[in-house]
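In what comes next, subunit A is part of two complexes: it sits with subunit B in the first one and with subunit C in the second one.
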Partner chain A sequence: MARSVTQKRKIINTAAAWSVGLLIFFPILWTILTSFKTEAQAISDPPVFLAFDWTLENYTVVLERSDYMRFLWNSIIIAGGSTLLGIIIAIPAAWSMAFVPSKRTKDILLWMLSTKMLPAVGVLYPIYLIFIKMGLLDSKIGLVVVLMLINLPIIVWMLYTYFKEIPGEILEAARMDGASLREEVLYVLTPMAIPGIASTVLLNVILAWNEAFWTLNLTAAKAAPLTAFIASYSSPEGLFYAKLSAASTMAIAPILILGWFSQKQLVSGLTFGAVK
Partner chain B sequence: MATQHSRSAARLMMAPAVILLLGWMLVPLIMTLLFSFKKYLPLRGGDLGWVGFDNYIRFVTSSAFWPSVLTTLTIVGGVLVITVVLGVFLAILLNQPMWGQGIVRILVIAPFFVMPTVSALVWKNMFMDPVNGLFAHLWKFFGAEPVAWLSEASLSSIVMIVSWQWLPFATLILLTAIQSLDSEQLEASEMDGAPKLAQFGYITLPHLGRAITVVVLIQTIFLLSIFAEIFVTTQGSFGTRTLTYLIYQRVLESQNVGLGSAGGVYAIILANIVAIFLMRMVGKNLDA
Partner chain C sequence: MGQIQLNQVTKSFGAVEVIPPLDLTIEDGEFCVFVGPSGCGKSTLLRLIAGLEDVTSGHIAIDGNDATMTPPAKRGLAMVFQSYALYPHMSVRKNIAFPMKMAKLPEDEQKRRIDAAAQALNLTDYLDRRPGQLSGGQRQRVAIGRAIVREPSAFLFDEPLSNLDAALRVGMRLEISELHERLKTTMIYVTHDQVEAMTMADKIVVLQAGLIEQVGSPLDLYHTPRNKFVAGFIGSPKMNFIEGPEAAKYDAHTIGIRPEHITVSADEGPWSGVVSVSEHLGSDTFFHIHETGLADTITVRADGEVNFRHGDRIRLSPRADMIHRFDAEGLRIA
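After this line comes the complex of A and B, so read on.
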């Protein structure tokens, strides 16, 4: 009796959760489906769901027309480069905060996080001017530095919470055995913190990949990543639903797949270790 | 454990991060402050000298200012309410026993990985377009007049798009928190005959307090500065001009750097008011 009740509840739960899940996912599914339609089918009335002539034409057209590979390459360099640079700068900082804390450690952490609240638009023109003066406008290296700086507080904060869970005695033991500080951080701490570092890297690659204020305002043609590639489709004359969908699918696919594979690590990263 | 030696080493290792962030914060901030007291029109004469508080007064007295503050707060508030309420509901639902939980979680988390320019364009064209959008088809199917979402219900449309992007984040964090809830507590209350609603109000919700704080804090930081969603949908028209977008227009579109910088200072002040409030909340909650 009791079993049949739970079984019934399980069926209801499953139905409800799947409906909500599909509803939330639907815009993405619809975009992917539309990318395989012809332009006429994409705006047909009533809309067709699956019974259309599947075609890859939109993908070839988008690839030919807009140099997708260059935008993709820029996105990879900018997201990967800014994350890597951020990690290199943040590991030592997080080490010292986690293992040699002082009275001000907490204040410094909160201050770092507070720099993230500085509205980007408030400093847009100064950064724009500095970029022109230094010849960094529309350059990948400029964006790598800016995105590294806006994500640095998050990287430090996340690494700090992961490092804190590693017992300091292990590091001390290494020191007793005569390891230098560099060796201690590089060969003892870093390998132990690999899962935490991986979550940090993932989250920051995603944040940098999707960043759409600085990437839109500081690039033109050469260094523009995928966010700008898609924004160029917002002008009404270039609007074709099927091609827009193909371009969108190509822009989000890499990060969607990466995100799905790593969602476990992501969850712990997303909460800054504040929710267990 | 910490010797004098390791203390100085620690300071040295923290230095790059601290110095970089300090520079990143102070240099542009000081420049913005300087510009805000100048008449500065890069395309029409450049730096035209000091003007005192003129820009500040002009920015606040312009008819666009208060509506833009209100729009900003409406978007942040609206998205926070929607994502937290739906997030709690979804977290409870996803925590129930079911088949294919992993797949459902993947479906729910997906919007978080979609870049803002893509989600704004997809919603604008494929769903909210009054002629070819899916909503228009749906409305016609039920015999209703299609709605031009982004011009007639512009603000709620943007709140909807942004909520869709942030709901996965809220859900995931709340789900993680709910999974750590002690099931014995719930069982005990059940035996004592507590109704479901009371269980939710007295056990589940208080347990989620800390997670909700984290959601509110992190989302607010990102929501205060949303840009792309407005840039590719309405370009700030139809009452969707946030403070961020207004400043962007002053600085880059009308190339009035002095006026825009004064606006920037206001935005920084607004963000700080919110930040102090949030930091207090989090500081308390994170210690516990």
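After this line comes the complex of A and C, so read on.
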């Protein structure tokens, strides 16, 4: 036997894993719980955990006051659209970096990543001005493009890593078999990289869904996604914690459910190639 | 048709020239083997012909047409890779069909060719499996099937058997030879194994450091190697080389004698030595002999029945008509 794990150790490990998991999940759990409290209970001191009067009132109010479905639709279009556009651009880019690298490929990859180190606010002015000039303010297409650009370095990096794992000989075989470049990417590379592409898509949908800086700054009413929907309940005056929590819960629910059902895919994709 | 002509082809990677100017013609229907030690440029040469690498200078013609700048997909050649390079996400059937799908062949023609190839390669029962569910030998057959259905003007094999175990290798070697007999299509086969080269080739191209050392039929190379490198590379066990006064007797700097052209006996023969190791293969016995005063070790291939042991002092007689003579540069003296 390589390594025997005793029963005691197993219990300790499991307990530790659960503790860390709960710690990470706690803010979300607290938000969900608060959304079912009254505004008074939401700020009571000491806080109540479960023994409160469960109510759906916050949800009713929130749904009455704002058009949840419009925000949801905008979020879906912006997160989905920016990811799809990003993948379409990143697959050829990652292909060329992984399979026909030049002397500068490594530098370009690092440069792309370095753009993620720049504080977003640093480019707010230029982008804002460009948006005004082009009439893109408060438009979904504008946000799709900006979020795509923001996440493109990550998409290219992830795909590059997955593509590196695919033996070049298989693509050469496709070339010998008469495949054009487009056919080689479409019929051989992409299907082989499906696990990697899927986890890239998932991660980027989540990133784009949760992106608040650009969505809040570049939208007003028409194109505002769920992040703006949450923000509209964070008011400096009045008691809005419970309603804010209800709005937050409604905003994160779709992505939470998506993440839950695809966690296996997400984990296997993120650790792809790590264990061989 | 499948005549391939290389004209002053060179290949450099950066400042390193791996193929100096090289001319070679492979005739239609020929089984041509590129053989040489690892790093001799044989695989690079094959990849240049395939179009997977661009030539640095020179021209490649396929069937008389300049194909130097033609992309691999358009050269009409099929390649079998060392790693098989099957598409893991496709069934065997789809793997074999892939080149025909790319060529947009009609479905019924595709099916006919898949069935014929599967029949010929014993793959009929495996058509719906994925490559991951097959053994090494079966995978190699699928790779060959995928090459056959294209009906290429030439097949390119890049060390196709080196991932297989010894027994399977002999079997596949025969299958590829039979395939060549049946199809009569040009085949270019790269290997570092001189036994594969000798048994399969119509024509062997021996390469060293990107240079062609000799081109000829297997028996040409065996009987009249152009230099010491070819003499030592072709034939197993290796040719014995003897320098010094013994070579001078034959008016040469070095003489070479193959192990099978020396006879051993207990008391007769001009040379003598002590048996260091005897390897019994059943049909043959290889004796490695020290203390001959001629070379560090002289290897002799004797009949399986001959029995000397470690430490026995024996006598050796070379067959005078089988002695190869080389000058100081290692070139053959006619």
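The rule is short, and it goes like this: the second predicted complex is superposed on the first by the 220 of 276 C-alpha atoms of A that agree within 3 Å, B and C clash if a C-alpha of one lies under 4 Å from a C-alpha of the other, contacts with A are read in each partner's own complex, and residues count from 1 in each chain.
Throughout what follows, a contact is a pair of C-beta atoms (placed from the backbone, for glycine too) under 8 Å apart; a residue touches a chain by one contact, two chains touch by 3 or more.
Quick caveat, the model's predicted, so the values are computed rather than measured.
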Touching partner for A:125 - first (subunit B), second (subunit C), both, neither: first
Which of subunit B and subunit C A:6 touches, first, second, both or neither: first
First (subunit B), second (subunit C), both or neither touched by A:191: second
Contacts of A:183 with subunit B and subunit C, given as first, second, both or neither: second
First, second, both or neither for A:173, with subunit B first and subunit C second: second
Subunit A residues touched by each partner, larger count belonging to subunit B or subunit C: B
Which superposed partner A:60 touches (first subunit B, second subunit C, both, neither): neither
Intersection of subunit A interface sets (partners subunit B, subunit C): 172
Residues of subunit C that touch subunit A when the two form their complex: 50-52, 71-74, 77-79, 81-83, 85-89, 98-99, 102-103, 146, 150, 156
Of subunit A, residues touching subunit B in the complex: 6, 9-10, 13-14, 16-18, 20-22, 24-25, 27-28, 30-31, 34, 43, 45-47, 89-90, 92-93, 95-97, 99-100, 102, 108, 110, 112-127, 129-130, 149, 152-153, 156, 168, 172, 181, 206, 209-210, 212-213, 216-217, 226-228, 230-231, 233-234, 239, 241, 244-245, 248, 251-252, 255-256, 258-260, 263, 266-268, 270-272, 274-276
Complex interface listing, subunit B residues touching subunit A: 1-2, 6-7, 9-11, 13-14, 16-18, 20-21, 24-25, 27-29, 31-32, 35, 90, 93-94, 96-101, 103-119, 121-127, 132, 134, 137, 141, 164, 167-169, 172-173, 176-177, 180, 210-211, 214, 218, 221, 224-225, 227-228, 231-232, 243-244, 247-248, 251-252, 257, 260-261, 263-265, 267-268, 270-272, 274-275, 279, 283, 285-286
For the subunit A and subunit C complex, residues of the former touching the latter: 167, 169-170, 172-180, 183, 187-188, 191-192, 194
